[in-house]
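In the two assemblies presented below, chain A is common to both, partnered first by chain B and then by chain C.
Moving on, here comes the complex of A and B:
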């Protein structure tokens, strides 16, 4: 070690440098521009599409990105206009948003909270995005929603189904069009009762993260209200690919229904394992053994192949719906890409339109003006019937579809049939429902 | 000055100038130009540069000096992040307690893991550290995040809620991490012609801390302690035969390097108050190994360069999508344009890992000493041409 000697002059010098260093931040903190974060300059406005392009939900992410590109096309007046023609609000004129041409940047969330936030931050700080949308996992959606609240931009959630997104993690700058775990439970329960009776014993396998927990809680509460008994609930790691060791105990538990609170690749694997173990042929106490998958999507149905046939679940939207909005959307998506859109694509497309429309009605890109325009907004013509953006928690309320894996699919896209359209009144809940309690929206934050 | 040799002092000076002027250096292209895509001078990425620089400097103290390859350093990063966010939740948004706690906790954690894993060396040590890190990841991801005892908030990541205690928080303080009232997010934008430069408070705080860390690393490298660590690397058995117990030295290096990682984790939370479990995953541990090797293991500045390169790729290349490519190659005839895009597309956007992998292979095969060796070779090339101009290269020699 070298010997350190301190001279009076040295100490003074160091002190002066340190002082200058400490004074620097006060100069930095000077607010640079008034109004709100990333106020669009010139004749364009930039939106940020933050979707998983790698990882377990990459399929959903790719479809979401297609939908976003389509939405931008329609907003800019290109293509056939899609749902703009059927949307009940007519504020959008096909000349961009408030006359500004829509441009976009994309990013990869990797289905990781950290990566998603980094990607969203670069959109906000570097590209000047005034709104962030996307995501295909509740963990990511909650993380990015928190970031957008802090940074002062609007977040339009993509595919996120956890109760927490608009429950204990809700934020004033965040909005969700997709339905949630509670709604799945409320919509499925009556169908389950009519199909399988009210004297059943259910065994739950649950993905071990926020979505899995809230989904399981919701469906268990809904089925127990029918008189079902919940035999057991086993948490499985998200990264699990082989579920055979989880399936074997089901056979000896005396349960006659298996509820798979899994999504994406997890669900494909657990369902395949369950079918391989012959669960569906079993008779327990004279009752046919049944499997239920609370959250269904066409992309998952394709992954599970034959095994999906006859299995009940719920979904936000399906391309075979025959209302004008759905038909227009399927038409323009199909023309551009050659196949029908998934529910993830639908919700992302709709969210982009809803944001643009809110800006147009508010006459400003200011997040607080947009929040005001979206809160309590009633609309129709976007594929789900009359819909309300509830002001208390920024959750959309609309009909929920109960679907079943089709026995005789006519094409590789025709995998689900709609069993029942559960009316909105049946899936509504109070904003302070125990499953959603604990969070506060806070104030809208326009940022700098 | 500062107990450094002239050469080390000039190296420290160069690093200081580079970090302080980073907002200018990293934004070489005007905002409206097509090349603006490659600008890296925005707060989030600059913060990542210096924070992962700290992480890599710390890792290099262990790996570069002793040769002990830890595959579990991300565990300390994660522990640091969680500690910092917990301080935010309990005390309030001032970053100092959080950063202090993250160093302490990760140091203790490193001590615990070090005592166990350092009983073995070589591949066994690597596997043991990997096992511990994966264990910590699993704990953070699900075991410690069940609704009854929620320490880490699982997949969503630990964050601050409005109903957290925050004992020292008051209404006049920003609702974001701050240093005595100065928000980490505070950014001064300066427009000069077509250029826009962003000076961010959080970045400058991290940059100053990195300079301190860098200075400490130089002192460790040049100290008798550092020499002992190098001796461990060159032949530990011979050291043991001379009757010297090398374990305390390796353990000290392990703990110091764990504290560096913890500090980096704490800073990550300080600039963005959310700690995710994936920070502890083995891929994150592998990333710091890549950074160090890519830059040049055992050199002072190498790991910082490696960290910068990897973060640059992750954040800039991954954002080049198809429409950006079309705008670049739009001048080509249609058929040729599509052809060129088909070739380039797999290497950008979500394919950035592929480009990074290729670069890593090239560096390891042709420049075993990392980017530093590349710099030295270029330097030598120039000197060769200018004949006997024995200029002093600012870069340090690799340890081996």
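Moving on, here comes the complex of A and C:
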């Protein structure tokens, strides 16, 4: 009887070499045939939805996820088709993307840059996602956009409003449909002038991160152009919950407008505190004191309750819009979930459709082909009127809504009223505008 | 002058919350010897008691109003709270309006039970374990409680407004020539916490139960040798500490809308308060709570933040370091607490 002796180490070594040898041809063949990261194999394609499922923006993340599920249904030819029926491009046929059924994986950004990068990385490397989309914070969007650029997949940003996302931190593989701080300023300024006059003193409270900084800069520039004076700008930590110590100095500053460059829980708390301190009843030199919240969201408005009434702000989209695209989307979303979609849901749904359409028009999932198809793409029927995906910075240009907290809501969803639909021409800017300067798109990266 | 008084008031009202939480922490630490990291979660649960009561009071039935349309163009379903149909629209609306003060009554039994269950069900098993184990298990518990609340109530803050009658601003100091407008509810909060703190001290000082508890805090073994079941009393104290934290949370709701992580926001600072006040010292906890609240308010003024950027973020920790360097047992700490 012979006895074969093999050490544990030996088995492991042989196994590893054999494994690597077997894996190598597949790796090489995938790369050499497709030439880009995560080329879809078989009859399905995987998209990665990276949304905050925990942390302070979890509710927005949940709404984004609902929108993505709806978009996947519509792309696969299920449901009523939603905005596919109103979209000006007819490249999508309701049979998936390029005939491949759309599947998806989800990740949790936790609204933390490192967690968001980790979940995006996992979806790209483990699940084979060919596109990453979602998010509810500019810090996260910029971090994930950078990762997707390196990995060679497309990033379709979710809710991100910082100028930097398509400004100094723009990337060739990244695209933003949502509007930005500059656009909020440009849209709000004329309304602020007509409502509050051109002789005002503004006091800014600003969330201390990329989004807050760029929005403050944008709003200050737009209002100073009207003749307003910026009395002060105080940066507040993102983790702040009680703003009373920040509100109290406003009372003695001589300012007659308070601009809250806050979002999410920050906004709910700072606005509530400002109202508690009686700012809205105050008269300064014969002028009524006013509060402005430049970036509004209906989900946030719900958190702020009564305090939001009469307050002006801007938003990317609102469910009460009466164009055919918006109506189709609200109908489809409302029937499935029982309540109207948020602006976060809208932008995420639209981004998914735009990506799928670009792939269909390009005839390829190759990121560079998709980039080419999206750059300079003009479309309509997705809820904001005629829209352009500008080639120079991958930012969408479309109408912006100026809204006000409704005085007499008729339902729990009816919190904002549209004051003005600011036409696209009024919110456009040159690609080399100083607020967006400092970065370059670079070359598209197909990865692999 | 006005600005200074305004910041003192701001400090007092932040300090009230710190003092109430720190008081409960110290009570638990002094009686049971447990460092309870789940105490912030009790504060948060208290706030959510008032959210729950508001939801219960707003339970509604639906009637279809064919004259109005909902967002999909279907006939609008109008919701009427049961309470308004039982007591008439006016009385019903008043009850709903006063839901936060009513939540005080609602929260007391709930918090006592939560405290009792927490102590008997989990923390009891960790008395003989090292402090590190106690900290880990209570911290874990805090995260679990927080996630449960998030599951049921969502991640966004939920408004619990003060009654209309108490939600305006009051003019403070008019008699002495000052003109300060301060929110009425925040004044109520300061008054309420002073009452609660006074009540807790009176209970410990002037009742037989309180006397036994104080004796137990001083020398547990001797009290037990006298045939007194001190453990049962300490469990009740845990429930009481939970109730104090819970009530602090209920009343805090109208100041800042409750959300699931509000407990964590307060917890770390409250521990600093306890340490600065002196481990195991009840008056120390209260004093340090108000002192640090006021310091934090002044550090957040524009003058302070422009002179030393970021001072508002670190002031409390800075003071803690200085106090611990100069008075290692805290402001009013006694010898022999947490020292072997």
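In this text, the second predicted complex is superposed on the first by the 414 of 448 C-alpha atoms of A that agree within 3 Å, B and C clash if a C-alpha of one lies under 4 Å from a C-alpha of the other, contacts with A are read in each partner's own complex, and residues count from 1 in each chain.
Assume a contact is a pair of C-beta atoms (placed from the backbone, for glycine too) under 8 Å apart; a residue touches a chain by one contact, two chains touch by 3 or more.
Keep in mind that this is a model prediction, so the values were computed, not measured.
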First (chain B), second (chain C), both or neither touched by A:251: second
Contacts of A:117 with chain B and chain C, given as first, second, both or neither: first
Touching partner for A:237 - first (chain B), second (chain C), both, neither: both
Touched partner set for A:413, first chain B, second chain C, both or neither: second
First (chain B), second (chain C), both or neither touched by A:54: both
First (chain B), second (chain C), both or neither touched by A:387: neither
Chain B versus chain C as contact partner of A:342, first or second or both or neither: neither
Which of chain B and chain C A:319 touches, first, second, both or neither: second
Chain B/chain C common contact set on chain A: 54, 58, 237
Chain A partner contacts - residues on chain C that touch it in the complex: 2-3, 6-7, 10, 13-14, 68, 70-72, 76, 150, 154-159, 161, 167-169, 181-183, 185-186, 255-257, 259, 261-262, 265, 296-297, 300-302, 305, 312-313
Residues of chain A that touch chain B when the two form their complex: 1-2, 4, 21, 24-30, 32-33, 53-54, 58, 105-108, 112-115, 117-119, 121-122, 125-126, 137-139, 142-143, 146-147, 150-151, 164, 168-169, 208-210, 213, 235, 237-238, 438-440, 442, 448
Residues of chain B touching chain A in the complex: 3, 39, 42-45, 48, 138, 141-142, 147, 154-157, 159, 161-163, 175-176, 179, 182-183, 185-189, 198-201, 204-205, 208, 223-224, 272, 274, 276, 278-279, 314-315, 318-319, 321, 349-350
Contact set on chain A toward chain C in their complex: 54-59, 232, 234, 237, 239, 241-242, 244-246, 248-249, 251-252, 264-265, 268-269, 272-273, 276-278, 281, 299-300, 302-307, 319-320, 330-331, 334-335, 339-340, 410-411, 413-414
